[in-house]
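Right after this note come the structures.
Shared chain: chain A. Partners: chain B in the first complex, chain C in the second.
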Partner chain A sequence: MFRKKSVWLYLLPGLLGLMAFYLVPFVWGVWFSLTDGTIDNRFVGFDNYLRVWQNEVFQLGLKNTIELSLLCAPVIFVLSFLLAGMLRKPIAGSTFYRNALLMPYLMPSAAMLIIWLILFDYGGPVNRLAVALGFDRVFWLEGAALRVPIVLLYIWKNLGFSVVIFTAALQAVPESLYEYASLEGAGWFRREWSITLPQILPTAFLVFVLAVVNAFKIFKEVYFIGGAYPAESIYTLQHYMNNKFSKLDYQDVTTAAYSFAVIVIALFLLLYRTKSVRQGEAA
Partner chain B sequence: MAQSHVSVGTAGKRRRRSTRGLMRRVRRARPLSCLILTLIAVIMLIPIVFTFLYSFFPKGEISSYLAQRGSYDQSRWMDILFSPAQVSLRQYYTILIEEPQYLQLFCNSVLYAGAILVGQGFVIPLTAYALSRFRFRGRDALFFLVLVLMVLPFQVTMAPSVMTLRALGLLDTVWAVILPMIFSPFYLFLVRQFMIGIPGEIVEAGQMDGAGTLRCFVHVMLPVCRPILCAAAALSFADSWNMVEQPLIYLTNQSMQPLSVMFNQINTDSTGVAFAGAALYLLPMLLIYIYFQDDILLGVQLSELK
Partner chain C sequence: MTRKALSLLLALTLLLCSLPGWAAGMVVSAAVGGVSISVDDDNVVTSATNVGSTLYLLYQSGAVATRPVDTNEPTVLGEVLNTQYYTEAPQTEEGQARMDRLFVWDGRVCGMCTPSGEVWTLLDDAGAFAPAKVEGLTLDTSGLVFQEEGEGYSVAVEVSSFFCEGGWLYYTGMVYSGTPHAVAGRISLETGEKQDFACQNLMGLAPVGDGSIMAMLYDVSALYSATTQADLTKPAQYGIFDPEKDAVGTLADIPTDSDMGGYSTSGICVGNGTLYYLDGSRIAGLDLTGGQKRVSAYTGGGMVSNGGQALYVEGYYVLISGYEGLRVFKLDPEGIENGALTIFGEFGSNTHNAFVRSHPEIAVDVSGDYTSDIEKLTQAMVSDTGAYDVLLMGLSYMPVERLIEKGYCADLSQSADIMDKVSAMYPEMVEPLMVDGKLYGVPVGMSGTCYGVNMELWKSLGLTEDDLPTSVPELYDFAANWVWDYGEDHPEISLFDLGSYSSQILYSLLLNDYIAYMQKQGEELVFDTPVFRRLMEGFSAIDFEEILSVQDQDKDTYWTPDALFSTAMSVGYLGYQDERFQPLYLSLEEGGEPFIGMSLSVLTINPRTKRMDEALLYVSEYLDNLDKTSANITLFPDHNDPVENDSYQSNLEDMQKSLAKMQQSLENASEENRAEIEQQIQWQEESIADWENYRYSVTAEQIADYRENVAPLVYVIRQNVFLNADASATSEINKLLMQYMEGAVNLDSLVRELDQRVRLMQLEDQ
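Right, the complex of A and B next:
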């Protein structure tokens, strides 16, 4: 560790940029959400928040955002846990499986739209499969069912990320623990329950919170499939903000944004706390 | 912070161990997990494979295929195409040579992603170096701030960002998209996580030889950080290649938009070439993934907190 004054020279460019493009807008935004936006810009306390929270469109957006993230997060969590369990030990083709899972993480969702529209068309392959399995055809691209292709596009893109983190956590459990347990006569279930589970619990929690926080930001996928004014079932908080924004209603945008930010930051702090608690135990 | 030492150390060890394990005993997967993994891998790859496959179909075949969409007729199905009547590069010819609009947007995307990378190359390693190898007042608070900014969705500061950019006279110029991305907190976090895990002895050896902090940075830190810098570059390129929200809000001029924003709009005009467009759009990311796959894996493992 250096203790030199020259550190400020290294920090300067990054610090200036962070201030100008992130911190100043953030603080300015807080001020915005607390004033009334007229010429004298009076301080109105939490009036904006009370008004925005009572707005039905805002409530719709919030409800949809929460529901979408509660659809995405558990699926990603469970699937990535199962897949990571299969990829824990090196098996033939594990590099291929891992690459197939992680590759979509880099792929632009915009380019996938056309394939998605074909897959979920009323006469498309997904409905063919459904009929072959004895179900009825569904209008996937309309109304409430629209959520399904969106959630699947999101999962397709983000699943590999969680799998990689989970796999790493599983592989970090010391092999000797298992060997010792086997010597003591513990069976498969006993080993998983008493060794694997406690060892990976912090990561499991992390993956879950991340899945919720990131799914909370779901917008791109919805925007591509549903456009700027989508069906009611997929109208998210970000649509509300974008539309308020294009009406130049900055007070409402920032107020909605910070209501949203509070939830995200709360989840983040929860995560940060548990992480430092875990590190405290380790030390 | 000790925590990050732990995570970087284990990431490195994990990698080494897994390669050694691979050499020692590659097990055959149990049939069931093999089946499930293959099934999921195929599902993940289908959209990519079919995009490329369909890009070699003749334009007419694709337009009539896409015209089958949106039918409400219970008795009708869309065809499932596997092989073209004849392999054709016509789609590529059209978007690359006949209609320059696609290529122009593609170049915009390359320019944005490239400019952002160059800027990040200057800013991110230096700032991460300061945050990881120096002790100064307020360092931990600054790092915490970076973390908070990292998890915030773009929309939170969207309105004030626009006003800030307008005040700086940058709104509606390419810089409005480029400059904020250069200081993206996520990559700062990523590189810092790696740097803080580098053993102190390496840097101290340089110091012993009389190198100053700058020489240590250039001759010791940068070479050691090569994997994470590659990972950050690849992930950042993907990020810029995918970005939608920022250009959509900051730029009103359509000809300045990157491909990510305009892609679906130009597709509705000319359906026959949609797949060649998508394939060309995917191709750079595909090559980057293949070339940097190990580094990207490391990057994702280190980004636990994202």
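Right, the complex of A and C next:
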């Protein structure tokens, strides 16, 4: 009994911090999204939600955010899985390659962006390569074409972290299972699909969820290159929220944020259910 | 009459004619020895001292008056020659008292003449005004007059402290000649000897009352020298000064609310165990025992203090500073802890000061913040302490409409008085502040610029009025061809008035004018229009470097004396017109209608203010005291009376008095002086006749010209998406435009990118 009570004592500072910096703002934010934002802050029900959801720019931002996430997350997932599989084998320099993959994740975004800006500049190496291959030069850093460097940057930056997670998970898969499968005549794809994936399903789920959630936060790189009002093709939901915040439209910010949170939770539940079903089948 | 008398007469004439015009006010007159002396209510006091609660005042005119500290009822005692601005002793008649600094010495009110070192007592034993020179005493006042080495002139020190203590006259001040620096010292009233203090950074001294002396230290050298490393944001410090050791004891910080640290601290005095000082626009009291700081009074002035000398007089803070002269504040009055009517955006204009002066019973404070950030504004308006009560904002660059939308502006329709005044304004000035028939702000000023042309130079090029450009694109075309057409043959003429800054100014005008143009058309802001394309093509064709290269003018010179075009002729300030240029009202497209985009200043009231009545009174009286030469005319279509020059009447009277004296002296003049006096009379009569030309600072003709030619072109610029957007968004727009100017993008890319951004900004706000 005494130990249990003392546990609460140790947890108290952290819990207070959690309440003060997460729970209270969360609840307060919900209240904000239900008021009109005037000096008297009158309750208006779901008017804000109706207005924001009908806003063309909010819809654009939401669409772009989901598109980018659905584009980036599977690519990250598949690439990191394949790379982790390759690095699982005891090849020379595997540690070096693993560290090299992780390096972009540790680098400051601003430094990486400078490299990207040089690479994709109108006169940069990418365009010069394109010209050498017989293609026209492209304004990669403007307009709709900005999606390409943004997606590539995101993948390059976040790939290493997923590789590290997958590598750790793959270490736990018994080698004997692969030997049995090989003896049974299973090819590479069959082995990975029937042995590896079921064995590392929780980790794969984690990696996929992280990839999706991180993709939702792709704003920072876009803002650095494209500014507060970039091309429509990469105008994300965070742009909408960021711009609204600077205009003191806290109601719209919280409305958009909670709307998005609901979508993310729904997606998470869907993925979780898929994972559970798959786990059940595997069992 | 002797030459000496003639010189005296001329000197007096010059002195009287150089006096500044004062606002009309209560006048107290006294006749002394047949000569009429008057002190206006707003007359400038240049020195003061006190005996008990009685103030003794020396006016710039030389009048000496006395008044109780708690009532503004001066009684003139007599007249002396005020030697404040003299660096050498002036010639006076035998026995005429001359002085510029008052002080109390062993209970006697005295005056010191800085140029001569004389000391005069002012009152006899019965207390009557009877100036008498203290014989056998000449003070070494060289510490109060600064002479630059090798220069033939000297300048008076700007004195910040002056008082008598223990048989010494103590002073501190600043010398602004050469490298500005602080000076401090004392003069013995026994021997007349001067002692300069070597203690560094003594910016103020004040008697504590027990024989000791309080000092204020602040290192201001970094303001005037690039080599010193003084931190100007540090607070000033105080401590007891030992004049024998020439050192200050234990130092402590003088707390300040200002971001400018000790620079805003001045005017120290000690009384009631408290160190009082000016902290920006407030008078602070620092308890010398406990160290707590409080606000003891509000001056109502701007945040940057003008400083000056201060006296503690039985619960009052007496301040003598600059052109404001004497101001008296009751310290720690009842209710001071409740704060003051806080005005945001005011710098201490005449309009604001008129309210402060006419309502000493209302504590008024100006906030030291001039942010345009909407978040900071709204937070300041709902704050529990120091919340803004009244806000002065610019409609074109501050989020006024958003504040109205969010309910941060009180409905002023509740005041019939304000509504009555506003109804007399041009409706288009008021319309931006009306929502659903309610008024949420009042216009109090308007400003804008237009182009101008130097017609003299224009004609010297062989051009006529018909050749003048009528649109901005035509102006750009003229500029693009300038070098080939005229520039190479006329290097003495600068094309634009702002030298190497012309391109930035023109570019900024282009964007602002185009936005105003689209607003005026009632259309949404888009850049893919023939008008904008034409403007950008015309602007990008101008080679500013080439233009500067053919001009004689130094490229680094900001102001160009012989410029053909002005890019920023002020519109709306009728009292000031740059006579070199004729206004050029241009349309934005060829064959279009010209217009002048004007920025409106507005006053709003915080709906959460706890001082609604005072705030409404402030707004109402603000409208009554608008600048007579600008807002009072440009906002009200029926205010057409010419504006007389404030100093006209007083200067005319002085000139007429001088003429009368000359004519009187002519009657008694000898034959040899007659011709000279007659010549002077003639000159004086011509001056009086000529003075009539300066009677009005704004004439009826100027007002009529404004009504006919300018007022119909005025367009009040409303807020736009750029103002509502994040600062980084507007910098992106500027970046795009600069990329176009540098040739990195073509015009099609530019308008596409601009429109896409603007479209997003507009859609976000829906």
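Here is the rule we go by: the second predicted complex is superposed on the first by the 235 of 283 C-alpha atoms of A that agree within 3 Å, B and C clash if a C-alpha of one lies under 4 Å from a C-alpha of the other, contacts with A are read in each partner's own complex, and residues count from 1 in each chain.
In the analysis below, a residue touches a chain if its C-beta (ideal position, glycine included) is under 8 Å from a C-beta of that chain, and two chains touch if they have at least 3 such contacts.
Computed from a predicted model, the values in this text were never measured in an experiment.
K.L.:
Should chain B and chain C be called a clash or a fit once both complexes are overlaid on chain A?
P.N.:
Aligned through their shared chain, the two binders fit side by side on chain A.
K.L.:
Quick check for you: in the superposed arrangement, does A:213 touch first (chain B), second (chain C), both or neither?
P.N.:
After superposition on chain A, A:213 lies in contact with chain B alone.
K.L.:
After the superposition on chain A, what is the angle at the C-alpha centre of chain A formed with the C-alpha centres of chain B and chain C, rounded to the nearest 10 degrees?
P.N.:
70
K.L.:
Can A:57 be said to touch chain B (first), chain C (second), both, or neither?
P.N.:
Touch partner of A:57: chain C, not chain B.
K.L.:
Which partner reaches more residues of chain A, chain B or chain C?
P.N.:
In the superposed model, B touches more residues of chain A.
K.L.:
Check the residue A:243 against both partner chains and state whether it touches chain B (first), chain C (second), both, or neither.
P.N.:
It touches chain C, and chain B stays clear.
K.L.:
For A:37, is the partner it touches chain B (first), chain C (second), both, or none of the two (neither)?
P.N.:
So A:37 only meets chain C here.
K.L.:
When the two structures are overlaid on chain A, which partner does A:142 contact: first (chain B), second (chain C), both, or neither?
P.N.:
The second partner, chain C, only.
K.L.:
Who does A:191 touch here: chain B (first), chain C (second), both, or neither?
P.N.:
Touch partners of A:191: none, neither chain B nor chain C.
K.L.:
In the overlaid three-chain picture, find the nearest pair of C-alpha atoms across chain B and chain C and give that distance in Å.
P.N.:
6
K.L.:
Chain A residues touched by both chain B and chain C?
P.N.:
The answer is residues 242 of chain A.
K.L.:
Contact residues on chain A for chain B in the complex?
P.N.:
Its residues touching chain B are 1-4, 6-8, 10-11, 13-15, 17-18, 20-26, 28-29, 32, 82-83, 86-87, 89-93, 96-119, 121-125, 128, 137, 156, 159-161, 164-165, 168, 171-172, 203, 206, 210, 213-214, 216-217, 219-220, 223-224, 237-238, 241-242, 245, 250, 253-254, 257-258, 260-261, 264-265, 268, 271-272, 275-276, 279, 282-283.
K.L.:
With touch defined as at the start, can you tell me which chain A residues reach chain C in the complex?
P.N.:
Against chain C, the touching part of chain A is residues 37-40, 55-57, 142, 227-229, 231-232, 235, 240, 242-244, 246-248.
K.L.:
Tell me, which parts of chain B touch chain A in their complex?
P.N.:
Those residues of chain B that touch chain A are 2-3, 6, 10-11, 14, 17-18, 21-22, 25-29, 33-34, 36-38, 40-42, 44-45, 47-48, 50-51, 66, 68-74, 76-78, 80, 122-124, 126-127, 129-131, 133-136, 142, 145-149, 151-161, 163-164, 168, 179-180, 182-183, 185, 188, 200, 213-214, 217, 234-235, 238, 241-242, 244-245, 249, 259-260, 263-264, 267, 274-275, 277-279, 281-282, 285-286, 288-289, 293, 296-297, 300-301, 304-306.
K.L.:
For a test of understanding, state which residues of chain C touch chain A in their complex under the given definition.
P.N.:
374-375, 378, 381-382, 399, 402, 406-408, 607-608, 724-729, 732, 749, 753, 756-757, 760-761, 763-766
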